[in-house]
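Both complexes shown next keep chain A, but they swap its partner, so chain B is in the first and chain C is in the second.
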Partner chain A sequence: MNDTQHLSSQFDDELARLRTHVLQMGGLVETQVSAAIDAYSTGEVASIKTIVETDRKVNELEKAIDDDCAHIIAKRQPTASDLRLILGISKIVTDLERAGDEAKKIAKGVRRIYENGHLPGQYGVGVRHLAEAALTMVRRALDAFARLDTPQAADVIRADTDVDAEFKSIIRQLITHMMEDPRTITTSIEIISIARAIERIGDHAKNVSEQVVFIVEGRDIRHTKEKAQ
Partner chain B sequence: MQIHDTPALKAEARNLNFYYSEKQALKGINMPIYDKKVTALIGPSGCGKSTYLRSFNRMHDLYPGNRYEGEIRFFPDNTNLLSPDVDPIEVRMRIGMVFQKPNPFPKTIFENVAYGLRVRGENNKRTLDDKVEHALKGAAIWDEVKDRLQDMAPNLSGGQQQRLCIARALATDPELLLFDEPTSALDPIATGAIEELVHELKKRVTILIVTHNMQQAARVSDYTAYMYLGEMIEFGKTDQIFIKPNDKRTEDYITGRMG
Partner chain C sequence: MPSQIVNALVLILLAAGLAIPVGYFVAHWAGWAIFCAGLGLQMLFNFRNFARLDRWSRRPVVDANLEGAGAWDGIFGRLYRHEKELRTLISERDDQIERLFAALQALTDGVVALDLNQHIVYCNTTAEEQLGLVLATDSGQPVVNIVRQPEFVAYLNSGDFERPLILRSERGTERVLSIHVVSYAGNRRLMQIKDVTQSDRLDQMRRDFVANVSHELRTPLTVLAGFLETLQEIDLERDEQHRYLDLMAEQSKRMESIVQDLLTLSSIESAPPPSNDLVDMSTLMDKLRRDAEALSAGRHTIIAESDGLCDLRGSEPELVSAFGNLVANAVRYTPAGGTVRIEWKVTPQGAEYAVEDTGIGIEAKHIPRLTERFYRVDRGRSRDAGGTGLGLAIVKHSLNRHQAQLDIRSTPGVGSRFAAKFPTGRIVRL
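Presenting the complex of A and B:
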């Protein structure tokens, strides 16, 4: 990435503001995910309302950032690293927003489980661990973006394989539960969709990291076996 | 996209140095010009891009003290354009040039285009009529001037004058066209017309274009060369240069970071 300043200091300001907004948005999504995980463990239904409200802010930020990207393209005709930054950001915000949506799904699932008088912890033992792993991915992906740190981005991409494997093992475990005791089916299905949402959050963190590699190195590593160095 | 065959060479600079008397303006330029492709030269003022462009049709010969070293090979015959044995007039028949400001002769539209042919000794009226029409059509200005070929060329609008100059350059069927900032004196509409024309022309002629407008280079060219202080810093496919340049100096220039 290029640290030299532009001749136009306004352009520098615009890009700096854009990056700050992305990190702000990322911060909100991170809080959403983390609050959703806490709700899962504690059944703290009050925080669920906050998660849904935060989602509104996240959506607003997504639109504002997209709008800023469009303005910068129209006004500045960015090229090379600037162009990659803008393109990368417009993809990153889509993933962040979707990660936020997944957090909302988790929160709502948790609420349904508790409302039915169950405790999710009884069944999905590995879910908490899976969620921590996905949350770490989100944190590190945002960190990689903030520092334009490709080795860190590469770590996140690798971590996604573990999260996927863990998700599959949780599903197997829940299927076993359901076969042993059909009374657990309702709750198990809720937990499956929660685990699924967590796994998706990991995917979004991975996508963000892939964009970081594109922004820094100009390599498009999506849908390839190619890994960031 | 990796699916790409390297096109044939139309010309190639080999270790080209150029001196305005003592001052060295070009330093060891090595660069291919691919056949029937558009190559854009970009770089800040004074970087040598116009000097380089003008070397192709030996315009520097007009001033004493100017000196070339190295070669510009011109294909398919593999002539060294800079060799003292090569007649500059003959070179200019094969290599046309269009300048920054339209510079029609103070003659009629017809005579402007016919001029190069007459210099060549062509006086047959039928042939001249045909070739002038063909050149004017090639420069996408025929429909606008076909009913007023005997009007004075300087009465045309700026954009029309520039297309007339392109027609004049096309009349002698050149193999290479040199454009030195061809649209910097034109409004956006006329600029668009010229860019469209460049796109059409590359079907039959190789084009080398100097431009200060980076977006123009990105729009019209297949290859781009970035020059700085008389050196060629980076040459590559235009898509690559504008998305992921390899050299930090190219990156700084095209992203507007050059001080």
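Presenting the complex of A and C:
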């Protein structure tokens, strides 16, 4: 992956292992998000429990990876692309952990909806579509990180606009619905918070992609109009 | 080699032979000059060949122009042959390797070869597609960087590969993969990936079937048992007793029809190919229309249309029951005032029997599963309508035995069209 050869191949191993750990953590978050979507469609409370349990593992991994990053900086004093990789990773894990938290929020929201005996009903399709778009973003952002593939990262960043637009249209629909029939307000508010969480997952995926661009090209494209090429 | 030494000596002697008389008779320095010039000439000659060899060794090519002069010729020739043999060997090996890779590519199963550290060495396109790998960029990458599903990572790290891992692939269309890991060349791992989506679905259907049969039979049985208990324990009036007995009879008839349908289904499945009797379609269409009218009792408009161009070959009882079933469904699921149209006509591919209604219609997501046993779009309604949940399964089987396809099109709220498409081999032109 790195063109530059290090004198100590042990350092290379450490970096490779760190990357793999980050991707393992990403894998856990991916499963969390996809299980949360399934729970939303099927209302299976059993999977909600596993999502919450996985979250604990994600948190542990986040701490372990942060520790490793600190160790490597202290011991190896990395420079240039290695330093960028480590800085990027420490930001990526924060975003991944937060995406996992959002999945947990979705799961809990789903449980509340089904416990009250309501069904997501007609919003099922829209929210599910939104969730699948966000999940694809997470998956592709992690792929981009694994392959250090900036064009793919740029695609993910662009996809975020679509997810945001879709989120807004779901909110509009729900507002109309609530005005027509106030009895649906409780469920609608739950659905809004679920959709919000999904939209946040998309944002975290976008942040991960921005870090990928930073790692590879050294450009910080956060909060700028500048798009990755 | 000796001949070359002799050659060199002869040349030196020749130079000396020329130089000594000149040195003796003319001048010393002239003799030495001639001797040195002779040696120099020889060196120049060797140096020229040396330069050619040097040039060639920097960029070895198989070039027939590579020729040395004199003693050098042998060296050049041997080098030339050696290089040529090497090249042939390499290209043969390349071909062999290429063929091996082509063989791996041709496998319908996915193959991923991993090295000692579980980094990807090679994978074929099937595996690329199954796992979302891209060999061009992913070779040398740990496989778990791309296939990140926790259950896969745990399986690969566990080192216990006795049972294959069943993995739900989440990329693109949902698929069920069975991943088998074997060791090769020491501790290296080879992953074989089979797509078991189909058999997984069959398993699911089988489980559903058993659960459904039990459920479908238990419901009337519970009713029966409940009434029996009531009759045994409470002295009821004669009227009430009759009412209960009627209900019990109804439920037992229901159970009977389920068992009957199950038996029909299993007998169709295990029966030899259907007979090849000639079925008179105009009579059959007439009968279907009359049956439909009887079932509808005047609530629907029944239209039967036949182009009268062909008859059908097959087992008459099976076809009658399949066609009748489609008509009965159409009548059942069409509200009063609707139209049921029965058609029999020749098509470019063969012939088609179709039943079209203006009924409640079926949502698209249910259509692929309609012919599964006990599959119900709306549990309450179909049971009220008296279905066993096996009708369409029987129809599909009967039609398949006649090489016919069941084509279902439907728009909710507008109507449905069930068409049995028979191939040319099954029809007899009139």
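As a working rule, the second predicted complex is superposed on the first by the 220 of 229 C-alpha atoms of A that agree within 3 Å, B and C clash if a C-alpha of one lies under 4 Å from a C-alpha of the other, contacts with A are read in each partner's own complex, and residues count from 1 in each chain.
Note that a residue touches a chain if its C-beta (ideal position, glycine included) is under 8 Å from a C-beta of that chain, and two chains touch if they have at least 3 such contacts.
Since the structure is predicted, the reported quantities are computational estimates derived from the model, not experimental observations.
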{"item": "Which superposed partner A:139 touches (first chain B, second chain C, both, neither)", "value": "second"}
{"item": "Which superposed partner A:11 touches (first chain B, second chain C, both, neither)", "value": "first"}
{"item": "Touched partner set for A:182, first chain B, second chain C, both or neither", "value": "neither"}
{"item": "Partner chain in contact with A:218 - chain B first, chain C second, else both or neither", "value": "first"}
{"item": "First, second, both or neither for A:84, with chain B first and chain C second", "value": "first"}
{"item": "Which of chain B and chain C A:147 touches, first, second, both or neither", "value": "second"}
{"item": "Which of chain B and chain C A:31 touches, first, second, both or neither", "value": "second"}
{"item": "Residues on chain A lying within both footprints (that of chain B and that of chain C)", "value": "none"}
{"item": "Complex contact set, residues of chain A against chain B", "value": "2, 4-8, 11, 76-84, 217-218"}
{"item": "Residue numbers on chain A that touch chain C, as the complex places them", "value": "1, 16, 19-20, 23-24, 26-28, 30-31, 34, 54, 139, 142-143, 146-147, 149"}
{"item": "Residues of chain B defined as touching chain A within the complex", "value": "214-215, 218, 242-245, 248, 250-252, 254-259"}
{"item": "Partner chain A, residues of chain C touching it in the complex", "value": "132, 134, 137-138, 140-142, 144-146, 148-150, 153, 170-171"}
